[in-house]
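Input: one structure, supplied below.
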Amino acid sequence: MLEFKSVGKSFGGINIFENLNFQLKKGEWVGLTGGNGTGKSTLINIATGFQLPDEGKVNLGNVSLLGLKPWQIARLGVKRNFQSVRLSESLILRDQFFVPDKKIFDNLEMIQASGIKGFLNRFPSECPLPILRKMEVLRALLHSPSILFLDEPSAGFSQEELHEFSQFLITYVPSSISLVIVEHRTELMQLVCTKSWGLFLNEPLRIM
Amino acid sequence: MLKIENLYVKYGFIQALSNVSILLNKGEIVLLDGHHGAGKSSLLNAIVGLVASRGQVIIGKNIIKNRSPNKTLKLGVSFLPEGNCIFSNLTVKENIELGSVLASIKHSENALDVFPEISHLMNKKAFFLSGGQSRMVAFARSMASNPTYLLLDEPLSGLSKGPQEIIWKKLVELKNNGIGVLITGQHNVQENSEIDHKYIIENGQIDKVF
Amino acid sequence: MSLYLITVLTNICLFSFIALSAYLILIVGEVSFGQQAFFGIGAYSLAIFFVYFDFSIISSIFFGMLICFCLALFLSLLTIKLSGLYFAMATLAFAEVFRLSMNLVRFPIEKEGRATGLNGPEGFENIRWIFENNIDPLGFFYITLITLTILVISLFILERSFIMKNARIVGKDIILAQSLGIRPRPYRVFFIGTAGAISGLGGALFALANTYIEPAMFGMMLGVHSLAYTIIGGLGLPIGPLLGVFIDIGLLESIRFLSEYRMIIFGGLVAIILIFYPEGIISPRIASRIKRLFFNKGL
Amino acid sequence: MEFLQTCIDGLLFGSAYSLLALSFSLLFGVMKRINLAFGSTLLLSAVFSLWIDSLFSIGIFGIFFLMIASSALINIYVEKLCFYPHSGKYGATVSMISSFAIWMQLDEMSSFLLPDRTASFPSFLPDSFFLKDLFIRIDQLFLFLIAVFMTSIFFYVLYKTNYGLLLRGVSFDGELAKKLGVNSGKISSFAFAFSGIFGAIAAFLILSTESQVTPFFGFWCTLKGLVAMMLGGIGSLPGAIIGGLFLGLVESNVINYLGAEYRDICTYLILLFILVVKPGGIMGSALLRDERAASERI
């Protein structure tokens, strides 16, 4: 479904990766690990159109994603969350799904299960970090993605929260969605993902 | 020694810390462990005076009143907040030199060589650094202010194995040079034999001491 | 009501238009120093259509707004890559080019024995619609008030729609907006265009009320004042800018007994208000709280 | 010959713009803030100094030093009221509007001290000389040299001193700097005072070449400084100098060939054109590049 073909990217003269190849199939749940500066976030940025690769091809099905703007890619169903939580300080959580109300009501069960229901009428500054992270994941899910990139979704979670969260993902993320979880900690991906990839400096993508 | 006695911190109605006492001697590594939101960061922030607190902080024999990061730094307590705390608009070298400027001491060449891993990047803008590299730069900057005590908030979190080991090795080296190091929770260093004491914070209170 | 009070209230209404136009632009995350230009273009277009071409008053206003809308669209497309101070300076440059060129255009005519028409810095005199139709100040106040009310109500309706919600995300966090599949540019272009039209509407009414306009009325001071109104009033709800205008003009008038020290006090007061309400008095956060009170959807 | 004379006039007068642009660049390049009250600060300090002079006749040097001192103080007042309370991402707009309010306030104070609307300002240099057929005003030449000299001082402070290092650190992330032990308040007051001193020297020189001060001087300073800074490229020190000289050059040529009433129109048209075609200004602003790069990283 999503395919990277010999993609290369460098930043200010520092090579982040070169000749990166992989294929993400429909419904595949992949955990992506790797050291710092190996370009995990850059990979997401390229796949979602926020950055342009220096070389190579990025295809979604038959469509080339190169040259498409981030919003066009998002409309094609490639969604993401952000490592630094991006929520508006001036809106209560309920107003931050940015979907019609009907959709919120349809998915009420999911919202309830995520444990953020009690916080829906609060501002982000009144909620603990794990809630905000869940909120971001929920927001992405409500936008019915076909591919979902989660950048460090469990950062700041305690062990119990992590288990709960993995259970939540397994129950509520439709199996037709391809999921890519980028993390330093491997616990979440071990619980959730069927496949895991490793990204290391100056090496091709390692499938583990 | 750096001694914290009966520290209380309150945010609005929430009691973030109550009656916390901690002792950090020179040449020790002390670990503060606890869940997210248990009050680890609040404790470090309170020590350097970033949040208002009740209680005493004693450096050597002096009780420090009206603490501020500036004041504690000049008394030899260097604090490094969570995350990649670097100035992306400055070069790596300038970032590190900032440490000595902050403490109002002379630049020392040693500080630039704390991590040989980043020595080739000295004249690059810090903007281009990866997470691990920027953590090393921030660490080297803390060292440049020539501290007696180091307070590091989550120094190893978000790092991959390589940089983690490099920084941990440096911490042990500092310990052996007689510097007191206080770091906050990191599950993968818990069992490390180099840690002299471990405090577990739960709901703003010291739960256990090892 | 005394004539004095009516004049003050009419002024509050008239300047609310330009404040609302600054509000719309601030919502999509930009700062414009040039809304006074559209205020001026609206005023001048109305005068030209009405005096030279004898258009009816409604169509004069309409064409004035249309010209403002088109010029604002043009300006926003021209500056599509600019943001922040760059955009602000570009709009200022545009506004000053307009104002200064109005100083150079002279095309005086005589109508019913009275001198009128474009006349450089001496201005455009005798736009006599209110006299021809025997509209007294109170009547004109009602006209502006009704127009303003319709505008504010439509903005409130817009506020509840996805357009405004999306525009607010685009203004606050353009990266998030894109990742949600929102295309930022149309919002920006459309809002800047609409802001131009609203400002033009205000300008047209202003020309009618004053019966006389001159380029110096549309200087940078007016534009920055309109920004100040919106920032003080807040970006949360469309009545924010109105509150800002009211505080400025209303307060200015109410402390007139201190007239000599008026600006000294007022300038300091604004700075102090901004310290305590940096997001304005009706900030988005407060607007959110209000909505939470009134529209709790049972979640 | 006429063209050459016009250009020389323009360049010499442009050096005044350069000085103003430098003061703006200092604040914008370093603190990322626009101080709209800047011109009125200079006006008030000049008018205040003249007022003191009329009371105690402190002489031209007295006026000079009093202007520097009062301008630094008023700048600190502006900083404490308009800029210090507004940190963070959205602080830029708010502090700009706040400084606009203070602009009104300072202008009003000046008009109290300047009831006659205009006052003469002492000049201190011999007027002019002829170089072959070219007429050159010494005081303006002096202004030009000062502009170059002050840029070097500015550059030195920012890039070679510890204070400059702290200043650049605070400009990037004031919160972080505070956590690490920088006294951010002190640093930013310093920056404002510095730009005030800088501006006061510029204003003194400009006023003494003009040999009078009017209430429009403040507005004029703010606008010309901003325009020259944008023309040259924000945050670039050579850009500020070149932007000022370019502005002077354009204005004198337009006045000479088209007439005085076209002066400002042409200036703004050129500004609009440069912003649309090359937003970084003539010199290509490093700041713009940095901003773009930073926004690319998520």
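Here the chain labels run A, B, C and D in written order, and each chain numbers its own residues starting at 1.
Quick note on the criterion: a contact is a pair of C-beta atoms (placed from the backbone, for glycine too) under 8 Å apart; a residue touches a chain by one contact, two chains touch by 3 or more.
The structure displayed is predicted, hence computed values, not measured ones.
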| item | value |
| --- | --- |
| Starting at subunit B, fewest touch steps before arriving at subunit D | 1 |
| Chain whose average C-alpha position is farthest from subunit B's own | C |
| Mean-CA-position distance for subunit C and subunit A (Å) | 42 |
| Length of the line joining the C-alpha centres of subunit C and subunit D, rounded to whole Å | 30 |
| Subunit A and subunit B, separation of their C-alpha mean positions in angstrom | 31 |
| Distance between the centres, which are taken as Cα means, of subunit D and subunit A, whole angstrom | 47 |
| Multi-chain contact residues (two or more partners), subunit C | 175, 279 |
| Overlap residues in subunit A, where contacts from two or more other chains coincide | 50, 82 |
| Multi-partner residues of subunit D (each touching 2 or more other chains) | 298 |
| Of all residues in subunit C, those that touch subunit A in their complex | 162, 165-166, 168-169, 172-173, 175-184, 236, 279, 283-285, 287-288, 291-292, 296-297, 299 |
| In the complex, subunit A residues that touch subunit C | 48-50, 69-72, 74-75, 79-80, 82, 86, 88-92, 94-95, 98, 100-101, 104, 108, 117, 120-121, 123, 139, 143 |
| Subunit C residues touching subunit D - in the complex, by the definition given at the top | 26, 31, 78-79, 81-82, 84-86, 89-90, 92-94, 96-97, 100-101, 103-104, 175, 220, 224, 227-228, 231-232, 261-264, 266-272, 274-275, 278-279 |
| Interface residues, subunit A side, partner subunit B - complex | 11-14, 34-38, 128-130, 152, 155-158, 184 |
| Partner subunit B, residues of subunit D touching it in the complex | 162, 165-166, 168-169, 171-173, 176-183, 290, 293-294, 297 |
